[in-house]
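In the two complexes that follow, subunit A is the common piece, with subunit B as its partner first and subunit C second.
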Partner chain A sequence: MADAAVLPPARPPFNPWPAVIFVALIVLALLFLAPTAGVLLSSVKTTREIALGALWSIPAELYLGNYAEVLANPAVHRYLLNTVLVSAPATVASIALGALAGYVFAKLPFRGSNLLFLVIVSGMFFPPQVILIPLFRLFNAMNLIDTLWPLIVIHTAMGIPICTLLMRNFFATVPNALREAAILEGANEWQVLIRVALPLSLPALAVLATLQFTWIWNDFLWPLIFTQSDEKRTIMLGIVNLRGQYSVAWGVQGALSLIASLPTLVVFLFFQRYFIKGMTMGAVKG
Partner chain B sequence: MEGDKRFWRAVLLALPLAVFAVFVIWPLASSFYYSFTNWNGFNPDYDYVGLDNFQKIYTDKLFYQAAINTALWMIAAILLPTALGLGLALLIDSSVPGSAAFKSIFYLPICLSAVVVGQIWVWIYQPDWGLLNTVLEAMSGERLRYAWLAKPDTALWSVIVAWSWQQTGLSMVIFLAGLTTIPEDLLEVCEIEGATTAQRIRMVVIPLLTPATVVVIALSVINSLKGFDILYIMTGGGPFNSSDTLAMHMYNESFKKYLMGYGSAISVVLFLIALTIIRVYFRQLRKVDELYG
Partner chain C sequence: MARLVLEDVTKRFGAVIAVDAVDLQIEHGEFVVFVGPSGCGKSTMLRTISGLESVSAGRILIGDRDVTHVAPSRRGVAMVFQSYALFPHMTTAENIGFGLRLARVPKDEIARRVTDVAKTLQIEALLDRYPRQLSGGQRQRVAIGRSIIRDPEVFLFDEPLSNLDAALRVRMRLEIARLRDRLDATMVYVTHDQTEAMTLADRIVVFNQGHIEQIGAPVELYDAPANLFVAGFIGAPAMNFIPAEIEAGENGKANVRFGAVSLPIGREAAEGKVTFGVRPEHLSVAAESEHDFLGRVEIVEKLGAESLVYLQTGFSKAPITMRIPPELSVHAGEEIPVRVGRKRLHLFDAEGRVI
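Right after this comes the complex of A and B.
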């Protein structure tokens, strides 16, 4: 004790690494943010300011005319409405179907169920091009080209692999004793699924809702193939369509991109935890 | 009791299996069927042409170009997002202040659509006022008007960079998840034994990250096979098909030239490549499970 009073307390040797790492990360983060920031900056500038070569600079003043222009365009309203009409039902339907299948694979396994599960899950790894032509022929024969139906149905079907995977993995963590107790009290499997397993699986449902909604909202290929008239376009195709109309109005294009990304950005900001969990769970447990 | 189980299995599986079979499995099988026909997309009738479409693949120069580009894309996909994602994960994991914010920043591009990402990068590569040329001009002092996306030499690589920018966040979070599984005391032992940071990363952290690495590489390769949306937006496969991938080539032959039979043959090849990769992936996952699980 006496020594401690005399000697100054041992100072850890200076370690520059945390500071270096922090600075490196700041630089990398700025590089990563630059592209997105460019769109944000352009969206609050007048076309004139951009034409003078100032797309990437900080705007002299905040100009909101681009947003007003986009929001006043009835085509944009239609595109957004169409996208909601596709992504809402397809998100719900794919999760519902995945929950049904996932429950069987987790709680009622049978001979060959592992193989069947593997076949379903591998569906999420194939490029969509491998089923494009037959689906085009099918919906053409059903006279459903240029309606929203093919998009809803295909997104539902294509969502089954990831939804089944995540729901099975989550249901597997629900104790079997709970299911058995409920069965002993006279409940059937449907009641166990709805009243016991699903209420315990809200985090998994949140994960899937954020993932599915983002993917379907952002999709480009299926609406490109199945919609033709402007009436049925979804927002991502709408952006491409309107590019001609606003060909030099870069600011309007930027505002349009941001408005189109707003729903997924909001989902990302509020449910980021679930989103990341879903991405890693889907990848690692495959 | 067992009869009950069988009944509920059938009831619960019926709808998901029916939807999956009709809209995924059946179209996949039909793609094989149409690859032996000359269907043109309009006419309900078509002829059976045997192996003609596959013979055509054999002589199709554009197919070769697309196959090589797809292979390049895969290699770049392994190198760029995987290496960058690993680096970022290691930096962020070193208990740096604000790690949550950094994580969000690098992850943000994932929630943007290919259309929006494509548009952002078209602006970056724009010859006259694009960010890239502006920065290069400021650095070199010369006037550069290089059209990155309009030159066959750089079109493909320019798109791959944009795509990697979006994918890196995904690799990073998978590596970060892998890093949390490395036991803390193991790293402490390294420190006590006097290992340098570089040694610790090379000999302990990276080998223990093998499961995450398998997943990241497999996902990057599989996602690179899907390379379509962002290409369609940025170059459309041009100029002169120099940035075509197999997915793009399949789309062009089927929905631009309306050679649906030939397009089906390309999609069959695409399926077989994907199947091979997925089988390797599953086998590696099992091996990793045995070693590390």
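Right after this comes the complex of A and C.
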């Protein structure tokens, strides 16, 4: 009879919100995936099949001719190479400079350093259109138009604010005692950065590497402004260029679009394993 | 020979004077403990010795070498931080060998010395673990290992045990005592823990607001505090302070009077207002005929090995603390006769100096 005192567990009232949110997320996901799916579908169809208007249909047969054509095209090789030649150094340089600046702001503050930090970070809010014409004239005067140099320099410079911001904030979480312990062991400031602060900041570095690489790789505006000849074009312009060469090459364009997005995917997959938190755990807590 | 000499060392942070003209000589092999209330400048003192903070004025000598402007790593000092400050991305072995790697010592020699240190500290089994895989006590050992591997002349410890639980703290305290005996080095140890200070120190330095109040062997500070501050700071539970007066007694010697109590102090003293200090263990429950005063028991704390009794009296606003054997049964609300031990009476003048 003791059971009589125990109330049956109250059934929670039906809460519709999780279901609503779930459905909304599915719809959004589909909306975002649709263009990719469309491109994927058209990339494995013959030009003839696309021309017949069957853009969204499942292809009659898996046609890989578009990929073969793109991969065999020497211009595409050139585009890819150019994009790597811009993205890799600009990614590395912007992160390196951001890490150096961030370390100083986080660990070696000086009079006015907070103000300087704000000035640097505010660089993030400059719309490119504002600096486009002055930059063009600058690089023109330096005779660097239609080379990759302006792209490398601009992407490096434009990446410094976000890299500095992120690295400073991450370094700020590295306990000061670690720096002091390293200094007592004989490390100089550079060794503290390389051997202690950076290894502890792998998550921030991974995030920045992914972010910067993707952003630079996918950029359309700057290469459009600063390159003219086909030899110097990057992959995003290359996709557009293909349209000019062939009348309506939807299939080839689709294939190239997918190929062009592979490197960013690879970079993401490579770095995402470092997106872990809690690297500093166990440093200073008991 | 690593004598550590501080000459007139001052450290200011803007308007705050964290260390105020400190003069101190620490002999080679000595274990000196800095104690003092929080914010009195103990850590800052230690950090100026290590070189992590520059001095605002004064000189620091280690082994008769002026190191005031020498880089921290060249001073021959090692520091163990309260927070351990282990590098989280390095294994125990890498943490301990970090300084040797920076100094480009050959790999096999590093390995050998790391193993030696690990043996000494009994952490050989932990060499491949990361700090997050270690317990608090183990981390502490690794931090100590990192400090001893480079054979420093002076060890600096900043509250190394304060993050550990009570039982572990006792064990690590013993281990540090063992380390002290084995290593032929000068050690400076900061703590706010009375027991650590009393048990480890050859000499204790009591800091207050950036300056030294008194330097002396633990028992010396306990038995003969130079002033009210030291008397109140050393010893737990703290010494009782009672407002009192000196008056003339027999044979030209003086008496101290508080309330209806008048005790001979056995020597001469100028008449006037004083503070009378007596430690809780120098008060005892007495037979009716021998008691000096009656106190009403407010609270009894039974600690097992002893009991602490807090008394209300007519002559002191603050409750008087006394320490009694646990087998004495005393109850709250009771009025008990108390006798003051005659041997250890402390008298302080209006400036707080001992008389």
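Simple rule for what comes next: the second predicted complex is superposed on the first by the 235 of 286 C-alpha atoms of A that agree within 3 Å, B and C clash if a C-alpha of one lies under 4 Å from a C-alpha of the other, contacts with A are read in each partner's own complex, and residues count from 1 in each chain.
The definition used in the following text is that a residue touches a chain if its C-beta (ideal position, glycine included) is under 8 Å from a C-beta of that chain, and two chains touch if they have at least 3 such contacts.
From a predicted model like this one, the values you see are computed outputs, not experimental measurements.
Q: Thinking of the overlay built on chain A, is A:Pro175 touched by subunit B (first), by subunit C (second), by both, or by neither?
A: In the superposed model, A:Pro175 contacts subunit C only, not subunit B.
Q: Which chain, subunit B or subunit C, is in touch with more residues of subunit A?
A: B
Q: So, does A:Pro199 touch the first partner subunit B, the second partner subunit C, both, or neither?
A: second
Q: Classify the contacts of A:Gln191 with the two partner chains as first (subunit B alone), second (subunit C alone), both, or neither.
A: The answer is second: A:Gln191 touches subunit C but not subunit B.
Q: Go through the superposed model and pick first if A:Phe270 touches only subunit B, second if only subunit C, both, or neither.
A: So A:Phe270 meets neither subunit B nor subunit C here.
Q: Where on subunit A do the contacts from subunit B and from subunit C line up?
A: 279-280, 283-284, 286
Q: For subunit B, which residues count as touching subunit A in their complex?
A: Touch list, subunit B to subunit A: 4-5, 8-9, 11-13, 15-17, 19-20, 22-24, 26-28, 30-31, 34, 39, 41, 44, 88, 91-92, 94-97, 102, 104-117, 119-121, 123-124, 129, 131, 134, 165, 170, 173-174, 177, 197, 211-212, 215-216, 219, 222, 225-226, 228-229, 232-233, 246-247, 250-251, 254-255, 260, 263-264, 266-268, 270-271, 274, 277-278, 281-282, 285.
Q: State the interface residues of subunit A toward subunit C in the complex, per the touch definition above.
A: Listed in rising order, the residues are 175, 177-178, 180-187, 191, 195-196, 199-200, 279-286.
Q: So in the complex, the part of subunit C that touches subunit A is made up of which residues?
A: 50-52, 72-73, 77-79, 81, 83-89, 98-99, 102-103, 130-134, 136, 139, 146, 150, 163-164
Q: Hey, which residues of subunit A end up touching subunit B in the complex?
A: Subunit A reaches subunit B through residues 17-18, 21-22, 24-25, 28-29, 32-36, 38-39, 42, 53, 55-56, 97-98, 100-101, 103-104, 108, 110, 118, 120, 122-123, 125-138, 141, 153-154, 156-158, 160, 164, 188-190, 193, 214, 217-221, 224-225, 236, 239-240, 250, 253, 257, 260-261, 264-265, 267-268, 272, 275-276, 279-280, 283-284, 286.
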